[in-house]
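Given below, in the form of C-alpha cells, are the structures.
The two complexes that follow have chain A in common; it is paired with chain B in the first and with chain C in the second.
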Partner chain A sequence: MNRDGPRGGRGLSRNAGSDVKAAYLFIAPAIIGFTVFVVYPLIRSFYLALTKYNGLTDPVFVGLANFRRLFTVDPAFWPSLRATGYLVVLYVPLSLAIGLALAMFCNQRFAGVRIVRTLAYLPVVLPAVATITLWKFILNPQVGLLNTILEKLHLPTSNWLQSPAMSMPSIVIVMLWGVGGTMIIFLAALQAVPTELYEAARVDGAGPSSVFFRITLPMISPIMLLQVILQTTAALQTFNQPKILTNGGPGFSTSVLMLSIYNNGFSNLGRVPQLGYASAQVWVLFILIIAVIALTAKFSSLWTYSDNTPD
Partner chain B sequence: MKRIIGTTLACAGLLTATACGGSDSGGDADGPVTVTVMTWESPETNAAIKKALEGFKDDKITVQLIDTPSGGYGDKLASLTQAKKLPDLFWCGNDTEQQYTSQGLLVDWSKRIADGDGDFKADKFVASAMENWKTADGQMGGLPSLMNTYGVWYNVDAFKAAGIPEPKAGWTWDDMYAAAGKLANKGGAKYGLVADQLTSADAPFTMSLYSVSAGGAPFTDNVNHPTKAEADDKYTEGVTKLAEAIKSGAVAPPGYDASNVPALFSGGKVPMMFGGQWLAAGFQTDKPKIKYGFAPFPQVTTPTTLYDSVGICTPQYTANEDSTYKVLQYLNTKVWDAVLPAAPVAPPAYTPAQESYFSALTKSDQTTVVDTVKADLAAEKTVGVRFTTQWSSQVGDLTTAMYQPILSGKKPVSDLQAYVGKINDLIKSQG
Partner chain C sequence: MTTLPTETAEAPRAAEAAALTETSTKSPAPPGRRRPVGTASWYVIALFISSVMVVPLLWMITIGLKSGTAVFEVPPRLLPHEFKWSNFVNGPQAIHFPRLLLNSTIITVLSVLGGVMTAMMAGYALARLRFPGRKLWFYLFVGSMLLPGVVGLIPLFQLYKSIGWYDTWLPLIVPAFFGGNPLFIFLARQYFLAIPYSIDEAAKIDGAGHFRIFTSVMLPLTRPAWITMAILAFQASWNDFLNPLVYLYSSEKWPLSVGMASFISPFAGQTPNWSYYMATNLLYMLPPLIIFFAAQRYFIQGLGSLGSTTQK
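Our next item is the complex of A and B:
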C-alpha cells in the first residue's frame, strides 16, 4: 500500500499536470480573444484619449487636453450627455414595465398563446436598420402613416422626429418596438416560479395584486436586476435609432453620446477624423456605464430576493 | 512552441505587410499597371462610367472601376483612408481634398496641370474651381471634375394656383419669403419653402448670399484658410428676415428632415426648395408629377451664388503616378461626354466637356436648369458652402448650439455676435 500510494500519487500528479495544460489549451482562445479584442483596445484607447490623433498621422501626446475640451469647450458634449440620460430615464422603466406586462400576458393559458408570443418576439429577429427606416416613414409628420391615422381620427398630430420636444420620445417608441427581447427573458423567469407558491397564496385567499407584489415580483427580482443592468447598458450605448431616424437632431435633442463619438471618430464626408478626442469620449461613456452598474448592484440587495440564506 | 510562435509572427508580419501595402494597383514604372477608380455615383451612372472607361486604350494600363454602393461614401472613404487602401482615383469633395492634402496624403498635381500638354491645362478649367482646389501653399491634391451649382426649385403649378409670378433671375429675398408665405399650408404642403442650406450646419455660410448681395461682408473671408468670421449689419438683417419667415410658418425650421424633400417636391408636397442642379438628372428619369422650374438664388442688389465643386483625388501611395494621371485626364476630358447625356448630374469643371451636359438638359426640355446653371457659373460673386478646415466639425457643433436656436426664435438675433465670437476664438486657437 505504501509503495502503491506514492506511485499512485505520482500518476495522479502527472494526470493533473496534463489536465491543467489541457485546461489552459481550451481556455486559451478565450483568453487570447479577450486580450486582443478587449484588454488591448482598452489600454490603447486610453492612450489615444491622451493624444491628438486622426488615424492618418502619428498620435501626438496632449495630456488631458481632450478631456478639458470635452468638459469646458465642446458645445455638444453636455447636451449629448443630457440626451443620453433622458433616453435612459425614458426607455429603461418603460421597456421593463412593458416587457413584464407582455410576459405575464404570454404566460397565461389561452388558445393562440404561442402565436402571440411569436408575434411579440418577431420585431427582435427582423433586421434593425430596415425596421428603423420603416419607422422613419411612419413618423414623417407630413406624409407619415401615424399622423395620417391620427388626422382621420380627428386626434392631434405631432412633428415627431422633427420636434425638439418629441424627437426623443419618438426614438423611445421605436426602441420599444423591440421589447420582445425583454419579454422573452421575463417569460422564462415567470415560468421558473414554483407553482406551489401560487397555489398556497390562492388557498390563503390572496388577490391578484398581492400575488404579483408578494410572490411574482420577489421571485423574479434577480432576473429584474439582470434586466435593469442589461437595458441600462444598452440604452447608454444606443446608436442605430438616433443615427437613422434623426442623426442627433433637431439641435442636440437626440445627439446621444454614442452618436457623438461616432461623428467625431469616423466623421463623414471625408473630413479628417478626431480619433483621440473620440477615445476620450469613449472613456467617459465607459466610466459612466461602470458607475451605473456599480450603483445598481450596490443597492440591489434592497429590492432583490435571494433564497441563498445561510443555514 | 518557439517554432509555432515564430511561424505565427512571420505570417502575421506577412499579412500586415500585404495589408498595408497601399493601393491595390499593381505594376512598376515599366510593367502593366491597374488603375483603380471609385465613385459615389448611382449604379446607373457607374455603369455609364464603366462603359465610357472601356474606351481608354493603353496597352500597359488597365482601368478598374470598383463596384461600390453609392450610400455611405464618407464612411467608406474614412475606412479606406485609415487602412491605406484608397483607390488610385476616388471622387472627393473640395473639403476632403484640402484636409487630406494638408496631411500629406494626396499626390500634388499642381505642376502637371500648370504645365499640361494639349488642351488639358489649368486655363481650360473653371477658374474659381481651380483656385478653390489649391491649398494655402499652392498644392492640388486632386483636380475638380464637376461643378455644383445651387438655386431654388419651384412647383410651377403651385405658383400659378397661388397667383404668384414664377421666380426668375433678379427676384429678391423679400419676393421669396412673400411667395413662401402664400404657398404654405396649401395643396398638402406644410411650408412654402424648405431650404436646408439656410437652416442646417452650413446655414451661416449660405446666409452670406444675402449679405454679399446687399454689399455687406460674407460670413468668413475664406472657407479654406479663414482668418475671421463676421456678422455685419447686412448679414444680421438677412438672419432676422429668415427667423421671421420661420416664425410665420412660411419656411421650414431647423431640424426639418431634408432627406426626402426632393421626393416630397416631386409629389407636390413641397412647393419650393433650395437644392443643387444634380436633382435635374433624377427628375429626368423619375418624371415628377408636377411641372417644375429652377431659378437662381434671390438677391438683394447683386446676383450672388454658392461656390462648390467636387473632383477626383489620388493617394500618395498610387503605384504609378503617370498612369494614374493619364486615366485622370481621360476621366475629365472624355468620360463626361459619354455619361452626361444619359445622366446630366453636373457641368464639368473642364470647360470643353460642358457642351454635352447642357445639350442633354436642353434636349430633355429642362431649359430653366440650363439658364440657372449658366448664370451661376458666370456669377461674379460667389460664397463658399462651408469651412474645409480640419476643425470644421467643431463649427458645426457651435452652429447647432448657437445659430440654429436664433433661427428657431429660441435665442435673440443679438446672440449672433456671441456665436461669431466663438467661431473667431476657434479660428485663433487653430493658428
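Our next item is the complex of A and C:
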C-alpha cells in the first residue's frame, strides 16, 4: 500500500474540478451498489433479527426473543452449531495440512510436476454442483466407486452419507477434493522463500524436519494466517455440500447453520417463512465469523514470523 | 481491522498469480534445493494424487455410458460392457439441458459484463482521479469483502420481492452492474495504479476527456486485468447455487446449477437416472474446463501482473 494513486500537486490536479465530477460518474455504480446491496441489507438484517417476521405482514419488534428462543428453546439450534463446529474443526486443519503437503510435494523438480499441479487444481475449476453431485454417487454405499474400491482392496467399507457418524466426515472428504485451491496459495508462498536460507541450512547440516520447522513454516506463516482466516470463514458458511448431499441428515448430523438459516427463511415445504428468526441465526453466524477473524489476528503475533514492521 | 481486508484480498491473488506464473516460466524448484524424496517414491505419490483427482471424473464418464440398469448392478463393474452413447442425447433432453444452458449463459454473460465494467470504472476513479472521499470509498469497498454474503440474503430477498424481481433473473444480474464484486474493484485499482501517469497526461494534451482515456487508452492497456476478472466472474456466476435457489421459483428460469441439482434430488420416491445425469454433468463441466485450458495464458498473465502490482 505504498502507492496511493495520482500524486498530488502535479499534472492531474490542474483540472481538479472536472476530475471530481468524472470520478463520481465513474464510481457512481459502485457507490449505489454498495449502499443498496451492502449497507442497507446489513442494517435491515440487524433490525429483522430483533423482529418476528413472516415476509407477508410487517415485522413485529420482539427484542432479543429470537436469540432467547435460539439458545434455550429451539431443539435444532445447538445441534446445528455443533455440526458447524465439527465441520470447521475437521475440515480446516485437514485442508491446511494436505494443502501444504501437496504444495511442498509440487514444489520439487521432477518431470511432470506441472501435470500433477494442474490435475490437483482441476476440481477447483469445475462447478460446485457438478462435483458435489458426482461425489454423492461415488459415496453411494451399494454401487458407489469408493466402496467398490475399498472392497477390492479388502478394506472396511462404510455407509458414508447415510450413517450419522460418517456423514460429516464424508462431506469433509468431498470438500477436500477441492484442496487444490489451498495448495496453489501455499505453493506461491513456498516459492517466495529465499533459496539462500535452504542453502545455509544445508551447509549447517540441518535435517529435513528442522528445515521444515525452522525455515519453511516460519517463512510461510503470514500466508498460513491468511489461510486460517479464509478457510475458517468459508467453512462456517458451508451450504452447497450439506444441502445437496444430505440435506442436514441423518438426524441433525450435518444440519449446519447455513442450512438451518435457509430452511427457516426460504424452505418451500409449505411452512411459513420465519425471516426474523433466520436473521437472528445469520447474526450468530456473522458474530462467529468476526470472532474467528479477530482472535486469529490477535494471536497471530505468537506464531507468525515477520521480517519487517508494518508501516 | 482496517488493514486486514487488504491483506486477505491481495495475498491469495498475488500468491496464486506467482504460483501460476511460475508454471510457465521456470522449473519448479531452484537448482540448489534438495529433493526430500527419491525419484521412484515421488512418482508413486504423484500417481496417487493424480488418480484421486482424475479417477472420479473418468468414473463419471463410464456411468454416463452405462445403461440405466447397469448402473445399479451389484457388484458394480468399473467399465460398462455396452456403451450407450445415446445417454449423451437422451440425458440432456430429460434434464432440459438446452434450456438450462441458455438460462445459465444469459445470466453469466450479463453478470460478467456488468461486474467487469463497473469494477473497471470504479478502479479507474479510485486509482487515477483525485476526488474527496477517494480513500474512504476504497476502504469501504475493500472492507465489504469481509462481509459474509448471507448477511444480505434475507433483506435483499424481501427487497426484490417487493419490487417484483422475485422469480426473475434480475437479482442475479443487476447487482453485478453496480460494482457487485468488491474484489474486482480492488484488483482493477491495483492494476490501474501500475500504469504510468504520463500516459494520461499525453492523452489529455491531445484533448481526450476521461471517458476517452478510459475507453481507448486504459481498457487496451489493462486487458490482462479485465480478462482475469471476467474469468473469475464467469466462475462465480456459472457455479452459483444458493442465489438462484433462493430467488428463482419456476423451473423454466433455473440456471444449470439448480436444474442439475434438482434432477437428482429424490422426488416422489423416484430413483433418478444416474447415467443420464452423469452424461449431462460432463456437458455442464465442459464450459469452465474449456475456459480454464484456453485462457490459462491470460489467467497467468493477468494474475501475474496483478500480483506484481500488489506485492509492491
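Observations on the structure shown:
Basically, the second predicted complex is superposed on the first by the 274 of 311 C-alpha atoms of A that agree within 3 Å, B and C clash if a C-alpha of one lies under 4 Å from a C-alpha of the other, contacts with A are read in each partner's own complex, and residues count from 1 in each chain.
In the analysis below, contacts are C-beta pairs under 8 Å (C-beta built on N, C-alpha and C of every residue); 3 or more make two chains touch, one makes a residue touch a chain.
Since we're looking at a predicted model, the values are computed, not measured.
In the superposition on chain A, contact is made by A:75 with chain B only, not with chain C.
Residue contacts after overlaying the shared chain place A:287 against neither chain B nor chain C. Of the two partner chains, both chain B and chain C are touched by A:55. When both complexes are overlaid on chain A, the residue A:223 reaches chain C alone and has no touch with chain B. Judged by the touch definition given at the top, the superposed model places A:251 against chain B, while chain C stays out of reach.
Of the two partner chains placed by the overlay, only chain C lies in contact with A:198; chain B stays clear of it. By the touch criterion defined above, A:263 reaches chain B but does not reach chain C. With both structures placed on the common chain, the touch criterion links A:142 to chain B and to chain C. More residues of chain A lie in touch with C than with the remaining chain of the pair chain B and chain C. Across the two superposed structures, the residue set of chain A contacted by chain B and also by chain C is 55, 142-143, 266, 268. Across the interface of their complex, chain B is touched by residues 54-57, 74-76, 79, 140-143, 161-164, 167, 246, 249-253, 263-264, 266-274 of chain A.
Within the complex formed with chain C, the residues of chain A that make contact are 1-8, 11-13, 16, 18-20, 22-24, 26-27, 29-34, 36-38, 40-42, 44-45, 48, 55, 102, 105-110, 112-120, 122-123, 125-130, 133-138, 142-145, 148, 151, 177, 180, 184-185, 187-189, 191-192, 195, 198-199, 202, 208, 222-223, 226, 229-230, 233, 237, 239-240, 243-244, 258, 261-262, 265-266, 268, 275, 278-279, 282-283, 285-286, 289, 293-294, 297, 310. For chain C in complex with chain A, the residues that touch the partner chain are 1, 3-4, 6-8, 11-12, 14-20, 22-23, 27-37, 39, 42-43, 45-46, 49-50, 52-57, 59-60, 63, 71-76, 78, 118-119, 121-122, 124-132, 134-135, 137, 140-141, 144, 146-159, 161, 175, 177-180, 185, 193, 197, 200-201, 209-211, 214, 235, 238-239, 241-242, 245-246, 249, 256-258, 260-261, 264-265, 274, 277-278, 281, 284-285, 288-289, 292, 312.
For chain B in complex with chain A, the residues that touch the partner chain are 74-75, 77-79, 81-82, 92-93, 95-96, 99-100, 103-105, 188, 190, 253-257, 260, 264, 267, 269, 390, 392-394, 397-398, 400-402, 404-405, 408, 422.
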